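First comes the structure, then the notes that go with it.
The chains carry the letters A, B and C, assigned in the order they are written, with residues numbered from 1 in each.
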Amino acid sequence: MIEAYFIHLLILIGIYLILAISLQISMGFTGMLNLGHIAFFAIGAYTSALLTLNGFPFWFAFLSAGILAMIFGYILSLPIKKLKGDYLALATMGFSFVIYAILLNWTELTRGSLGIPGISKPSLLGFNFSSNFTFLILTFIICVICYFLIRRITHSPFGKVLESIRDDELASKTLGKNTSKAKSLSLMISAFFAGLAGSLYAHYITYIDPSSFTIMALIPVLCIVIIGGLASLRGTFIATIIIVLLPEPLRFIGFPSSIIGPMRQIIYALLLIIILLYKPKGIYGKVEIE
Amino acid sequence: MSLFNQLLINGIIAGAIYALVASGFSLIYNACKFIHFAHGAVVAFSAYIAYYFFSTLNINFGFSVLFALIFACLLGWAMNHFVYKKFRERKASNSILLIASFGLLILIESLILILFGADVKTINYIEVAKGIEIFGAIITPLQILIVVSSAVIFIGLFLFMKKTKLGKAMRAVSNNKDVAEIVGINSETIYSWSFIIGSLIAGIAGILIGLEQNLEPTMGTSLIIKGFTAAIIGGIGNVYGAIIGALLLGLAENFGIWYLPSGYKDAIAFIILFIFLLFKPKGLFGTKREGDKE
Amino acid sequence: MLKIQNLSKNFGGIKAVNNCSFEIGNGKITALIGPNGSGKSTIFNLISGVLKADSGRVLFDGKDITNLSVDKISNIGISRIFQKSRLFNNLTIKENILLAFDNEDEKFWKSLFGLNNHTNEKEEKIKEMLKFVKMNEHERKYARNLSFGQKRLVEIVRAIINPHKLLMLDEPVAGVTPLLRKELSEVLLKLKEKGETIFIIEHDMNFVLNIADEVVVMDEGRIIAQGKPQQIKKNKKVLEAYLGD
């Protein structure tokens, strides 16, 4: 029993980790106030769910989740090129709401608020990851690969271009960098990995509906990114563990489950405000939000 | 013909409500220069407080409304005093304030969820009255009340900003804070007042919405989105623009669902927001924002 | 090399740049001077693409570059620094300068596969340039930890390493210690010896008159005088502009 609980937590940590480090790419490294990240998570989840339910193999659904999310990342990047700061935040948030509205209302595709039940557990090369323990192994492997890839990208020369855009976009342009293109790529890559996280989520919970993908779902992810420290992948790792584990004691205090959900949100929201106030650079603080 | 008129009337009613939300939001934005998302939570919470006093505690409607409005002012003031002010002391950028405000919105909405539950509620003060017919469209007395009280509030706001000392001081701070401080205006006082007045208007909005429509915990989020969409349509920096923007938004939504399935109503606001942010970020009547140029 | 023709820019009724025309010659140091608010930085911004001109043209080596984007103008060969320090604060000095060499780093796939890593050549060049301005010990420091004067030096190095035919410096020595000022003027003269073309905005008249070959004077958006430093020194209009009538 206890084992199952820990396995569950570890899986959640894995999924949130991918979601958070992918947000680091567009937010922490490129400096874009990307409040639309959950939309890509949602697109990934629904894509993967629908594809597997229609007979496609898991690996295809998984990669398609990332690719489709990436395409939407590109689509979003086009109109927001000239936006900065709070207008960018509003526009990306608006994108999140549009996607949510589509998921809720395009019932022929998504079954709206009824959601999509019965999503299969993943199976690769004939092996079925049906138990939570094997799913954890899968999550762990995918996590490691994503972490490695993102680390490579962000610490590469391309990553430095992204950081230069965050620190001073005009100066970056003055050095000849096509910052619009770089920002576009940044959002696309961010979206890609968020989409992968979405796929994992869908195949773990085996039921998805629009309510998991509202703007509220962004708060824990935002918390992780800020507490860990912008542009710090190590910090994000530690912060993910903290954020996933922190509200768990609520279960044991005996609150009814209808209360636990909003209580978690309250904890996250408070944490976010307190960290922004007293330690805005987070644990491994290097960068402050401009 | 009368369908058109009905949509028109519905659009004006919705517009009036959004305008109440947008004008308070705009007032606060003008003075403090950041996006106060949590404004939506003030609208929502005041509605719930009115509901609690009236429907649960069975207190006289008039007093319930009074308490709710006082509560709204206090909540707005408290958010400024205990949260935003501290950020300003640390010279936080307005992006940080925006994120903090987002946090506050979620915090308060979650609190509402816990205190009142997720089920939909209504303030049953005015009986579901029969609507009267005007120009082929049906409008209920409550809806007329909404439109009329909004108009009264906006006129009041206009007079306040133009004629009173506080109103002029608020305009001065919104125009140029540094110069206003040189002539002796305390900007922190002005910030407090803009939150109090803005939140008061939000409280009125909340109660009217509670009477006319339903209360549910996430109503704050969708209202503030309509609110800042209206403010951006009208031109951020212009309270009256926000009011006009809200009217246009209300009309667009109601005529929009003539064509689209009604579930997409909220999406109309987001799409309009998007379009304006991309093509006309200064809105229809907007003044220049500080720090717009590279 | 650079020709400005009838360039104009209005800001809501104020003519910040009013029908300006002048030329920057190859291999020379040209200074743009004038009282505060005369439009000097605006001219720089118009040339480098930060602002869009209302009318007029900018020609670079014969090509019309008016209203091109900032990055295109940089890649065509104009390198500049700003009045305000614009280093990448959360990157090291070395990383700041590495970004200037070329645009290979923009290539995402090459980065993913590790194909555009920095060469030893670049590292050597950075060491050499930093030594040139006596900043070599600070290579690994984060830009935000430098003093203002040190930041200026790094910015100038970064602008020099950015491949260019024209170097535009907006107030390179403003706010800098007299010692640094002297070092910088030596640096600029050495650059000129190497054949660099430099266009510089400065307030410090001594600094300007000592190193400039040509001087262009602005007042209230217009060019009021052009010529050699000695001529400008004696020009009545210039004196009036600075001192008032």
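Methods note: a residue touches a chain if its C-beta (ideal position, glycine included) is under 8 Å from a C-beta of that chain, and two chains touch if they have at least 3 such contacts.
Given the structure is predicted, the values throughout are model-derived calculations rather than measurements.
**Student:** Would you mind checking which chain's C-alpha centre is most distant from the centre of subunit B?
**Tutor:** That would be chain C.
**Student:** So which chain ends up in the middle if you average the CA atoms?
**Tutor:** A
**Student:** Could you put a whole-Å number on the gap between the CA centroids of subunit A and subunit B?
**Tutor:** Using C-alpha averages as centres, the distance is 31 Å.
**Student:** So what's the Cα centroid distance for subunit B and subunit C, whole Å?
**Tutor:** Those two chain centres are 48 Å apart.
**Student:** Based only on mean CA positions, could you tell me how far subunit A sits from subunit C in angstrom?
**Tutor:** 42
**Student:** For subunit B, give me the residues that contact two or more of the other chains.
**Tutor:** Answer for subunit B, listing residues that touch two or more other chains: 294.
**Student:** Tell me, which residues of subunit A touch at least two other chains?
**Tutor:** As it turns out, subunit A has residues touching two or more other chains at 170.
**Student:** Please list all residues of subunit C that touch 2 or more other chains.
**Tutor:** In subunit C, 50 touch at least two other chains.
**Student:** Would you pull the subunit C residues touching subunit A in the complex into a rising list?
**Tutor:** Residue positions touching the partner: 48, 50, 69-71, 74-75, 79-80, 82, 86-91, 95, 98-100, 103-108, 110-112, 114, 116-118, 158, 162.
**Student:** Can you tell me which positions in subunit A touch subunit C when the two form their complex?
**Tutor:** 149, 152-153, 156-161, 163-164, 166-168, 170-179, 181-182, 185, 189, 231, 286-287
**Student:** So in the complex, the part of subunit B that touches subunit A is made up of which residues?
**Tutor:** Of all residues in subunit B, those touching subunit A are 34-35, 83, 86-87, 90, 92-96, 98-100, 102-104, 106-107, 109-111, 113-114, 117-118, 218, 221, 225, 228, 232, 261, 263-264, 266-267, 270-271, 273-274, 277-278, 281, 294.
**Student:** For subunit A, which residues count as touching subunit B in their complex?
**Tutor:** 33, 35, 79-80, 83, 85-87, 89-91, 94-95, 97-98, 101-102, 104-105, 112, 170, 214-216, 219, 222, 226, 258-259, 261-263, 265-266, 268-270, 272-273, 276-277, 280, 289-290
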